[in-house]
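In order of appearance the chains are A, B and C, and numbering begins at 1 in each one.
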Amino acid sequence: MCVFVQSMSHAAAAQSANIIFICVHREHYGFLETMAPHLEGKVLVDLSNNLKKGMYPEANAAYLQRLVPGAAVVKGLNTLSAWALQNGLLAGKQVYLCGNSAKAKQAVGEMATKLGLTVLDRGSLSAARELEDFPLRLFQEWRLPLLVAIGLIAFFFFYLLIRDVIYAAVEQDKNISYRIMISLANKVFPIVSLIMLSLCYLPGVIAAFLQLYRGTKYRRFPDWLDRWMLCRKQMGLVALGLAFLHAIYTFIIPIRYAVRHKLISTVVNEMKNNKTTPFYFDDTEAWGTDSFYVLGILGFFLYVLLGLTSLPSVGGTLSWREFSFVQSKLGHLTLFICTAHGYIYGWNKFLRPSTYKWYTPPGYMLCLIVPSIVLVLKFLILLPCVDRTLTRIRQGWERTEPKEEMVMTKATNL
Amino acid sequence: MCVFVQSMSHAAAAQSANIIFICVHREHYGFLETMAPHLEGKVLVDLSNNLKKGMYPEANAAYLQRLVPGAAVVKGLNTLSAWALQNGLLAGKQVYLCGNSAKAKQAVGEMATKLGLTVLDRGSLSAARELEDFPLRLFQEWRLPLLVAIGLIAFFFFYLLIRDVIYAAVEQDKNISYRIMISLANKVFPIVSLIMLSLCYLPGVIAAFLQLYRGTKYRRFPDWLDRWMLCRKQMGLVALGLAFLHAIYTFIIPIRYAVRHKLISTVVNEMKNNKTTPFYFDDTEAWGTDSFYVLGILGFFLYVLLGLTSLPSVGGTLSWREFSFVQSKLGHLTLFICTAHGYIYGWNKFLRPSTYKWYTPPGYMLCLIVPSIVLVLKFLILLPCVDRTLTRIRQGWERTEPKEEMVMTKATNL
Amino acid sequence: MCVFVQSMSHAAAAQSANIIFICVHREHYGFLETMAPHLEGKVLVDLSNNLKKGMYPEANAAYLQRLVPGAAVVKGLNTLSAWALQNGLLAGKQVYLCGNSAKAKQAVGEMATKLGLTVLDRGSLSAARELEDFPLRLFQEWRLPLLVAIGLIAFFFFYLLIRDVIYAAVEQDKNISYRIMISLANKVFPIVSLIMLSLCYLPGVIAAFLQLYRGTKYRRFPDWLDRWMLCRKQMGLVALGLAFLHAIYTFIIPIRYAVRHKLISTVVNEMKNNKTTPFYFDDTEAWGTDSFYVLGILGFFLYVLLGLTSLPSVGGTLSWREFSFVQSKLGHLTLFICTAHGYIYGWNKFLRPSTYKWYTPPGYMLCLIVPSIVLVLKFLILLPCVDRTLTRIRQGWERTEPKEEMVMTKATNL
């Protein structure tokens, strides 16, 4: 990745420049050692990246600094593409810098700011390793949520495949395999979406109960809980994606061949067997299904709102109170409405024996377990007596020995 | 909210630090007075928040400055959560700073910038009160639009409930209460959405006529108009939310029980009473309903476009001319198309006496009043003679005594 | 556009201010020449805009600098509206500055940063002309994609109008003109959307083959290719807009009068002519149409994902590798799925003679040409032998004479 090219001799170029961009592969750094006298007092920006993690024991930038001790090495800008740089497509991109010389970092930072980049200072050159691993990361924080989603999708897909398609083939000798494409998917996606949404809010209630049990907020959460809490946003967005798919799958139901075929069959049967006109209109059915749809629509609407506030530019304009109002209050409301959507789906089904094919519960029952637990726990937390204690704990009160609250901080070398 | 903890004695900590974060509740500030000699010349960042508005006559930061006159107090960063700070979830968040010492503010600002925060300077310490009220604000600029929306929704809900459901129960002895869930909601939402959209554009035309009447652009608008203009964005977004709900409600119409039931009844009746095959295809009806749908789709598409450009990150990349092109030209086009969508809905209904149940006009007629007025006024403004005068006024021309246009500004202490 | 007004005499104002905003029309600049002595050493911010491009041979700011040589003229902030400035609606807006004095630029830049603006430095005063043309630009980079889209829409609209509506009128004497509104549009939009999407990825494969042919990455692409590559984002977003329209058009199909009419006719015919109950269920048809819908849904889902990552605030948080993963891997997958969606649409139609009305191929065939070419070329590039060579070229290897790779740069005056 070479940014600016000049046709001078290297030594002459080094002499005249103040900031020098090094875009050589690490193997060729040796050559710079011979140039060391010319590089005395210059700022060297190490743009190098490695092809895989942990290729070298030492970060490239640290190695460079060792070779040219008289120069101030700054690591950074290595997450940009040369093509984007050339074409000025940089406005708003976040870049990271690190280096031992504050002055050198400032010089490079100012130049980057002029190009429209947002510069984040990551401290001394010891962070260079982390920065060099950055371009190799690929949606790291998305891994766990995606793995959970894929696991759940696979499980429910096979579970419903057995219960619906294979059961029909074995017990009723009917081939309904065409349902795999849409009907089955349209059961799996909402089920996994609801579970993922409840997994967003489960760590929050666990944390609250942990604080209540410990009687203090000043002890760190266990690592697994911290890691879980840090990928809540990604979990929620995966859940939103699945809810979006569920919505579209639902919208196209009536144009499907099988659905139209069934509708026509119903009419023809109605004509042949049932001679009453107008035939019976089931008011309870109308109320039940309409409530089911309305809860689905409102749930999806709130889902989308939550997704929008998680956009960096929208979330950035919200104060902490507004953000936590949306993500906590509105989030739990979304979970409640979507769970109710699930309960109404089964309102008149859970008593029928035909629901429990091969003695297995249907998918929608399984998917309601986690959300119900989260909602019950959240409800317990909202009870006045529990809520009061928790609020006091979160304001700094401790059950055992109240520590002094005054805190002073040395923040010069942040 | 305590950011950095060190286990030194307070005096020792104060001695060694340059920037000290104060995260004590205001009641404990007294203790800092005793420390004043150690705090001489330090930068104190007041992170405190109050539990409600107007608890103290003086801002916390001003009180702190009075207690420790030798230190430079900077108010700010109080809209962040400690948890987000700990976990580095700050990139892109906007924070505000204020303080009497420019140097102290700069030091804190630089530190915040390194953390990825976007710092907005709000001037001297007299703004501290405003900053302390920030975290207590909850979607302040959304209040009026949401109140208007809720009021309109409630009005139209009961209006249509009486006209549709109660009328049918009283006059025709039919129970169609199941319609409340979806049919009624799907009338109320588009009605309120269209009215809210027109309320976005009404202040603009009022402002234009005010400028025409006054013959100058140099007089401030009345306060109510200014406040109205400042919440246009929120009004538009609420309108978009309702339009989104209207769209989804419409998409699921064909899978509803009542709709399928009615379809089957129609076929059965068709078979019994009408023996002609193929039965009559009403070409006008096909054109009319299709045009109605197309206008709805295009209107919704433009609506979504408007919503996207109001995202901070999208709007930020547009120049003023582009932004006003989208929001004004495209906005009025959206209003025009959505209003046409409403007119076509009633194209063959407004002459039927059955439309005026209990001598009341249907909902769609009521909702067309404000948009029609806005469109007529806008059309008047676009007339060449009016447009020419208005353009001249907006370029600085004044009808009465043209003032000198040169303006000089002292902007050192901005 | 006048930002801050003070009621002092001009000379007094100039004396006391350090930064002076000039918001006079260019015609009145002459008056400033007489003030030159008072403006000595001041920073003059030229906010002026012109009414059209190329009105004057010299940029306004350059002209101002010539009139008042003793002052430091900075051009900028001219893309903001005074109203937005007054009401503090600036946070996150990008503004450009240019000027010959670095110190003056810095002073203006700092003030703008305090207002929440993002400042991009565009170098010396010679860039003033470009900055003055900025507010006159109206979606410049959108022009080409929009023109291509409009051209394609017009072509396919008339092509399908002739093949569908006019053919039916002439050959079968049937009036199906009502189909223009929705059925025809719902063919044109997906066709153009798919072509536009493939036009996004065509320049990428062309560039790859060019690099393979030349054996180096160090030669610039021809201008037309560069320009094409720079509007890929806009092309993709136009394609997404059309896909969005296609989706909504599809969702409302079942509530259309003509569709319900046809459904009822089908039932009535079924009853009259076909006495078998339950009548024949075509399993292949069910699989075929469902696969068609599923590919459409997944394609649309990925389309939306691509659109979301092109939002500045989302894209800004991605590293280059993540961004190129999404835009390249996911993008080609989207193209593949959407193309498959098109192929399945015609899976059992392309052999029927009735498909080729008046010896013309149907629209969906025409629209599959470009995407198929792109996918085949991309497949060739992914072949191990080709991929290996290309990767080496992109890492800096050259086929002929390998140049030295070390590059040094003078970046002080960036």
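What we mean here is this: contacts are C-beta pairs under 8 Å (C-beta built on N, C-alpha and C of every residue); 3 or more make two chains touch, one makes a residue touch a chain.
Model, not experiment: these values are computed from the prediction.
Student: Quick one: compare the interface residues of subunit B with those of subunit C and tell me same or different, with half as the dividing line.
Tutor: different
Student: Roughly how big is the turn, in degrees to the nearest 5, that lines up subunit A with subunit B by CA atoms?
Tutor: About 120 degrees, rounded to the nearest 5.
Student: Taking the mean of the C-alpha atoms as each chain's centre, how many Å separate subunit B from subunit C?
Tutor: Averaging C-alpha atoms per chain gives centres 26 Å apart.
Student: Two-or-more-chain contact residues of subunit A, please, as numbers and ranges.
Tutor: Touching at least two other chains: 91-92, 94, 118, 251, 254, 263, 267, 271, 311-314, 316-317.
Student: Inside the complex, what are the residues of subunit B that reach subunit C?
Tutor: These residues of subunit B touch subunit C: 91-92, 94, 118-121, 230, 247, 250-251, 253-254, 263, 266-267, 270-271, 277-279, 281-283, 285-287, 289-291, 293-294, 297, 300-301, 304-305, 311-317, 319-322, 324-325, 396, 405-412, 414.
Student: Please name which positions on subunit B make contact with subunit A in the complex.
Tutor: Going through subunit B, the ones touching subunit A are 2-6, 8, 10, 13-14, 16-21, 23-25, 28, 31, 79-81, 84, 87, 91-94, 111, 113-116, 118, 134-139, 175, 178, 181-182, 185, 241, 244-245, 248-249, 251-252, 254-258, 260-261, 263-265, 267-269, 271-272, 311-314, 316-317.
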